[in-house]
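Structure first, then comments.
Chain naming follows the written order as A, B and C, and within any one chain the residues start at number 1.
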């Protein structure tokens, strides 16, 4: 199966790889201890299925003990052992390797091998998602192949360009800038993968990549981001779109350090003054949902019925009047004590959709009497400004993972992701309580109230969550997509025997 | 009859050249007054309902994904593209002539110094330099774009001019002027410069086309003049994504671009044929 | 002659050094930072970013960084790519041959087609053929290379399905093919990008050839040959072409910057894994070491091209060799 992708991988080593293609490929070469099931329930043990670990127990509130599957083998024949897990933890946490995932492993104090197939994780405190942190972030590395390489040189070692793993697929070849080929490991201990070969074909230009897909030179694409290209695929035969929730949501974040935007009432009025449904429809058509809050349909805390601020320009206008912001004439900029109601919105030039949405939002706010200036900035420049807190409002896109703890990453005071300096005790209390619930059923209502609190406080206007549309040729059957990782279930997919000349 | 009259006659007799010149004049006219007759190129009257509309009575060339009128933008872009093209060409030619002339009339050491500088500068890969500068300089104004393109493109002109000056220096009329005691500077200005005018004009007019294409390439990559200010290059970039659903968005600026470059090339060819007595086609 | 070439080479070296210094200063002084955290992933914490910067020595003062870089360069070390976590030399080693292949194919097309068309036009001057060809070359010469690329892709790739749409090889089958098959696979993928890059330059060559040929056809010795009763074609091919050789070499040498610029655009559109794309990606990701290295390579290529042009001019006009 040929996968069309617009970016080449950087390096195929899980602790270090940061580019999407690199992650997709290395995810199939290296395994986790356990995987999330389709429902992405991160809290309950029942939400996981065994992979490298055949089973696990919780002997006390601070420990998880994993029993490794004795059938698991590295692709050079050596069995997967507890020492590999210990080694892997060391690599991920080593500051010299500087893995971006290291901060997420902080609650894990130590990892020790109890015997060759048993490994114990000791946590610093109890919380319901211990199993998530123990399994989701790390992919186990082969100690016997890597421990002779000093950690500082791991990223640039040749292993990263020709990795040996324990997953359903084996590395075959990597033509830099061109293609990466993997072959199925027919002896994989959890069953032979359905598709014999996977080839990632790198085409930087999106339109050309879609052309390859439509022309039969590629069979699949993870996501087609541009509405114009989506229309092309829809109009064609032989290629179908499969929608799945994306791990993104985007919103206009207000900087509460600025006196103007520190006012909760003002922010609420701004949020109520935007017709989010229309914005989403005109920029994306059908390919995105209005964000119900700081979440996307991928997470289990998501619900259609979360309470949000209504779209009510009359109420917004009234609220602004009450605050003293008056317009001299309908459609004019509101003023209070002579000062105009004005702020600047930063938008990254890398995102066409955010630029378009910003323009529409600006237009709607202008009708409400709010003067918004749009400042397009290059991505890294914008990042620096928001990190410094040097902005009024910023059109941000957030990436989340299946765990609701990502809410804390972006909205907790003191967290680097909380660029707008949002700080509300009610939100703190709710999230802290949610983090103490041992089951999903118990935690769900608390998370829901936390999301509703966020909506009510309006630290941002949550605008949209794009729907990822993957494209597949008719040759690919039995496709299921786990939203956080589109190839997670690829071993169950099938390829219909097609063109014999393609040699698959 | 003065050589200029002769050249003029030759030019007028060349139909292609006349067509080119007429087209250039038309384009300049459109660029100058066109934006006054068409709508606002930045206006987004209805970003929701008017995106990607095909050509109609209200919008002769349709609208783009931001609901902007394609005709207004294409005409507006003419100002930017022509302005940068002509401006940068003039600047580059002036710089090249100045340096070439100086090198040609100066003493050996100055000449060596200048020409070595030119050689070093010529090795600079222009596109990398421009890419790097404009990748970083986001809000570069058109003047800056023209300036940088000119600053990286005058070297060939200086070599040509220097070569011409060197060969002219040995000519009889120059020797005569020198014998009469005319100062070097005056010789350069009054006697050499008119003879250089021919190659310079030809070089400049053919340069315009290349510069317009270079600027279009830069803005197609998302560098240089960025949206919302329209240039033909960034309009094609905008239209690339909707090439199949709304082809007019990329087609209009693309055709305008090609037409403009063709016009300048035709006129430039005509000028070269008219001014250069050797090329008797 | 040898002395002349040696002198020119000397200048070339100075030029390349200047290119390296300028580029280094440019990228390091520019605002923005290397994309050490990827936009794809979830947010990378500032501590991780700070550590990355320190690991690459980016937190040291600029002169220190430059001295380190220059010292490494003298040893032949081009540094490491921040984004790809591998030596820059390896990246270049993989990408450069692909660009050279593309450039060579495009050049061959440009010179071959350009010469042929130019000769044909000169032979049939002022006829309908001449006018039509002249119109075609003018249109091609005035077309932006990205426009031509999109057009060719649409027509031959998508419309007619005659040629593959992108990439350098067909990844699904390439390694299963015998060597000849593999060469053919690359050749098939080479057609469209090389055509895009080469056609515009072919038009330039054709235009130049036509006028150069017509000019030399008016020269004395040619008239004399005609007077001797030699057939027109022979006159054209033997005498006129010979005088056009040196200027063709000059044009070729001077077209290197054009091919470099075009390769950035063409490689992007067709997904050709060459140096142009590496440079483009590096510039946007602020991958400093890769940027400087590609500028260096580009500088070398341009300098070589200029050298070729100068040598050709010197061959034709001996006065130039005295460099005065």
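Basically, a residue touches a chain if its C-beta (ideal position, glycine included) is under 8 Å from a C-beta of that chain, and two chains touch if they have at least 3 such contacts.
As the structure is a prediction and not an experimental result, all values here were calculated from the model.
*Asks:* Which chain's C-alpha centroid is most distant from that of chain C?
*Replies:* A
*Asks:* With contacts counted as defined, which of the two, A-B or B-C, has more C-beta pairs across the interface?
*Replies:* Between the chain pairs A-B and B-C, B-C carries more contacts.
*Asks:* In angstrom, rounded to a whole number, how far apart do the mean CA points of chain A and chain C lie?
*Replies:* 40
*Asks:* Go ahead and note the Å separation of the Cα centroids belonging to chain A and chain B.
*Replies:* From the centre of chain A to the centre of chain B is 47 Å.
*Asks:* I'd like to verify one number: the distance from the centre of chain B to the centre of chain C, where each centre is the average of its C-alpha atoms, in whole angstrom.
*Replies:* So the centroids are 22 Å from each other.
*Asks:* For chain B, jot down the residues that touch at least 2 other chains.
*Replies:* 240, 243
*Asks:* List, in ascending order, every residue of chain C touching at least 2 other chains.
*Replies:* 31-32, 268
*Asks:* What parts of chain A, by residue number, touch at least two of the other chains?
*Replies:* Correct list: 378, 381.
*Asks:* Would you tell me which residues of chain B are touching chain C in their complex?
*Replies:* 108, 111-112, 116, 119-129, 131-133, 135-136, 156, 166, 209, 213-214, 216-217, 220-221, 233, 236, 240, 243, 254, 257-258, 261-262, 265-266, 269, 278-281
*Asks:* Touching residues of chain B toward chain A in the complex: what are they?
*Replies:* By the definition above, chain B touches chain A via 44, 47-49, 51, 65-66, 138, 222, 226, 240-246.
*Asks:* Which bits of chain A are touching chain B when the two form their complex?
*Replies:* 206-207, 226, 228-229, 231-232, 235, 278, 281-282, 349, 352, 356, 359-360, 363, 376-378, 381
*Asks:* Quick check: in the complex, which residue numbers of chain A touch chain C?
*Replies:* Residues of chain A touching chain C: 2, 10-11, 16, 18-20, 23, 95-96, 98-100, 102-103, 155-156, 160-161, 173, 175-179, 181, 197, 199-205, 208-209, 211-212, 214-215, 217, 350, 378-381, 384, 387, 399-401, 406, 409-410, 416-417, 501-504.
*Asks:* Okay, in this complex, where on chain C does chain B touch?
*Replies:* Per the touch definition, chain C meets chain B at residues 8, 11-12, 14-16, 18-19, 22-23, 26-27, 30-32, 125, 138-139, 141-147, 150, 207, 210-211, 214-215, 218, 254, 257, 260-261, 264-265, 268, 279-280, 283-284, 291, 294-295, 298-299, 301-303, 306, 323-324.
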